[in-house]
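Next up: the structures, one after another.
Each of the next two complexes has chain A plus one more chain, namely chain B in the first and chain C in the second.
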Partner chain A sequence: MSKRKPYTREMKSDWWLKDLFYSKYMLREGSSILITLYSLILAWGVFRLSQGEVAFNAWMEALQSPLSIILHIVALIFALYHSITWFSLAPKALDLWIKGKRVDDKIIVTGHYVAFAVISLFCLVSILI
Partner chain B sequence: MNNKQIKNNEINNSSTKKYSRSHEPIFWGLFGAGGMLTAFFTPIMILITGLLIPLGIINADNLSYQKIYQFTGTWYGAAILFVLVALPLWHTLHRIFHSLHDLRIKRGRDWQQVLCYGFAFAVSVFVFTLLLQMLTL
Partner chain C sequence: MSQAINMTDEIIEIEILRYRPEQDEKPFPQVFEIPYTPDLSILEALQYIKDHLDSTISFRWSCRMAICGSCGLMVNGAPKLGCKAFLRDYYPKKVKLEALANFPIERDLVVVMDDFIKKLEEVKAYLIPEVKNKPLSDGPYQQTPEQLEKYRQFSMCINCGLCYSACPQYALDNKFIGPAALTLLARYNRDGRDAGTAERMKIVNQEEGVWGCTFVGYCSVVCPKGVDPAAAIQLLKVESSKDYLIGMFKPE
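Presenting the complex of A and B:
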């Protein structure tokens, strides 16, 4: 038996509240909860769709409730926060080299925002058609 | 056993040694793909289905039962809807699983993993089955 008694530093579960950097990290991870909820709402919508027109329209009506509107506003804010953090991390994940030179981080991030704008516009237009 | 036999045994042992592969790359891949999709598509989707249509800013006819049902009936419509609904879950549940560790919840780590990925899997199967039923070929 080893008589070694290693010192393990105490770590409380609220460690991430004490430093803004870590709080922002946990907010980013927390965005997952609302995005999960949104996916579940959509999954429920698919279920209601399979049940027929009356059921689907009831689902659409339920989305008009104040609670649903508030939930979607909060979810939208978190989803946008996820997008912003994802795009700012993109240069680290996407190590692009062109002609022996590393592509500038700013170009990659801007490229992501442009793609984001194009995709958003595309979705809006295709819904309206 | 002579020396030669021992040597042979050693070679056999080393070649039959089982390496257990980690399944992390699969989940990591789904996490990355889901994160990408979520970053690009989720905000506009929430804006359209959760705010603009319920608030009447966009006419609800644009997301009418007939329109959606027709779209879902095609194989590409079903595929698009499946990816948009299910893939984000593989991203979010991966993050939730790792956040449980960050929150110092130590009990039943393997069960946490089964529940998290199992949840994403269950909802995926649920949506997949429904979409398959609605396919009009």
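Presenting the complex of A and C:
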């Protein structure tokens, strides 16, 4: 008779705390929660704008509360963390070949930062004008 | 060899997660103390333990030079090849060894790899030429260095299974085809001599195919052969998306 009895180890719910790599991955994915919150607040603002000036000003007022400012700073940190980690992974999802050679990872990453800077600048300038 | 090892006074502790199916309900840790030398690999440390301290300890190995892919195990929680990890990188701390994560333990450091092997078999990892039964007299299928470069790194896999141990998605749901098998699939899809892409895309497009991957990326970090499974899978996701879009406009 076979004495085989393969043992399956259970995956504990804190698996992502056991290795820094997994923790960073969860932070990257978890950033979506704060970015969702930020988007909802922004969408709420658009809704308040449709209700008239008084409603919109009340929303603007609420944004200046300490809680709102903290939330937005945390959301910004997470958004930046997500962007930076995503840019560093971007070369894995791009298959660019020029003259029979694969385009260097550094060029792809730098390209992302340049695009990021140009688009951010464009948004800021268009708000000011 | 073992006599030379005994010359040293320094001792290192090796903790091994033991599991003997005929007598144990569940795995348990056992600590061994062995003489430390900086050039000793984890695999050699295991061989020392088996030769001198406890002959019942079980582990797999063959080539001792990181090409057979047999000696994968968890070293302090990270998947490594026993022959390619060295005590000097852990000394004087204790080294904790455990069977490769995400696979069932057969005995001690030996895992059941059947599921991984089955997946390797499923991905049609062979050339499917466009012209069937090409006569031998026509000569071999030729290829330029550039065509080779498109898939070369994805062909370096030694099937050690370290990437499956590094993949939480495979751990959560082992229906996911997983890093090495998808990389091997990409290797053939990217081969200029192959015409089997359409057949393999059916495997790629499934939920258990590339879309089971959430781009954790640890597979590419632990690979002992410098293969980049995360990249292979992300590139396949691009192909899968293209396949989907084209399929929307093309009547069956």
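Definition applied: the second predicted complex is superposed on the first by the 122 of 129 C-alpha atoms of A that agree within 3 Å, B and C clash if a C-alpha of one lies under 4 Å from a C-alpha of the other, contacts with A are read in each partner's own complex, and residues count from 1 in each chain.
Note that contacts are C-beta pairs under 8 Å (C-beta built on N, C-alpha and C of every residue); 3 or more make two chains touch, one makes a residue touch a chain.
If you're wondering where the values come from, they're calculated on a predicted model, not measured in any experiment.
Q: If chain A is used to align the two complexes, do chain B and chain C fit next to each other or clash?
A: Fit.
Q: Pick one for A:35: touches chain B only (first), chain C only (second), both, or neither.
A: A:35: touches chain B, not chain C.
Q: With both structures superposed, pick whichever of chain B and chain C touches the larger number of chain A residues.
A: B
Q: Check the residue A:6 against both partner chains and state whether it touches chain B (first), chain C (second), both, or neither.
A: Once the two structures are laid over each other on A, A:6 reaches chain C alone.
Q: With the two structures laid over each other on chain A, which partner does A:16 touch: chain B (first), chain C (second), both, or neither?
A: both
Q: A:102 contacts which: chain B (first), chain C (second), both, neither?
A: It touches chain C, and chain B stays clear.
Q: Contacts for A:127 in the overlay, against chain B (first) and chain C (second): which applies, first, second, both or neither?
A: After superposing on A, A:127 lies in contact with chain B but is clear of chain C.
Q: With the two structures placed on a shared chain A, what shortest C-alpha distance in Å links chain B and chain C?
A: 6
Q: Considering only the contact definition stated at the top, list the common interface residues of chain A for chain B and chain C.
A: In chain A, residues 11, 16, 29, 93 are touched by chain B and also by chain C.
Q: Can you list the chain B residues touching chain A in their complex?
A: 32, 35-36, 38-51, 53-55, 58, 60, 62-63, 65, 68-69, 72, 81, 84-86, 88-89, 91-93, 95-96, 98-99, 102-105, 123, 126-127, 130-131, 133-134
Q: Looking at the complex, which residues from chain A come into contact with chain C?
A: 3-9, 11, 15-16, 18-19, 21-22, 25, 29, 89, 91-93, 95, 97, 100-102
Q: Would you mind writing out the residues of chain A in touch with chain B in their complex?
A: Interface residues on chain A, with respect to chain B: 11-13, 16, 26, 29-30, 32-33, 35-36, 38-43, 45-47, 49-50, 53, 56-57, 60, 63-64, 68-69, 71-73, 75-76, 79-80, 82-83, 86-87, 93, 112, 115-116, 119-120, 123-124, 127-128.
Q: In the complex, go through chain C and note every residue touching chain A.
A: Chain C residues touching chain A: 19, 21-22, 26-27, 77-78, 101, 104-106, 112, 146, 149-150, 168, 171-172, 214-218, 220-221, 228, 230-231, 234-235, 237-238.
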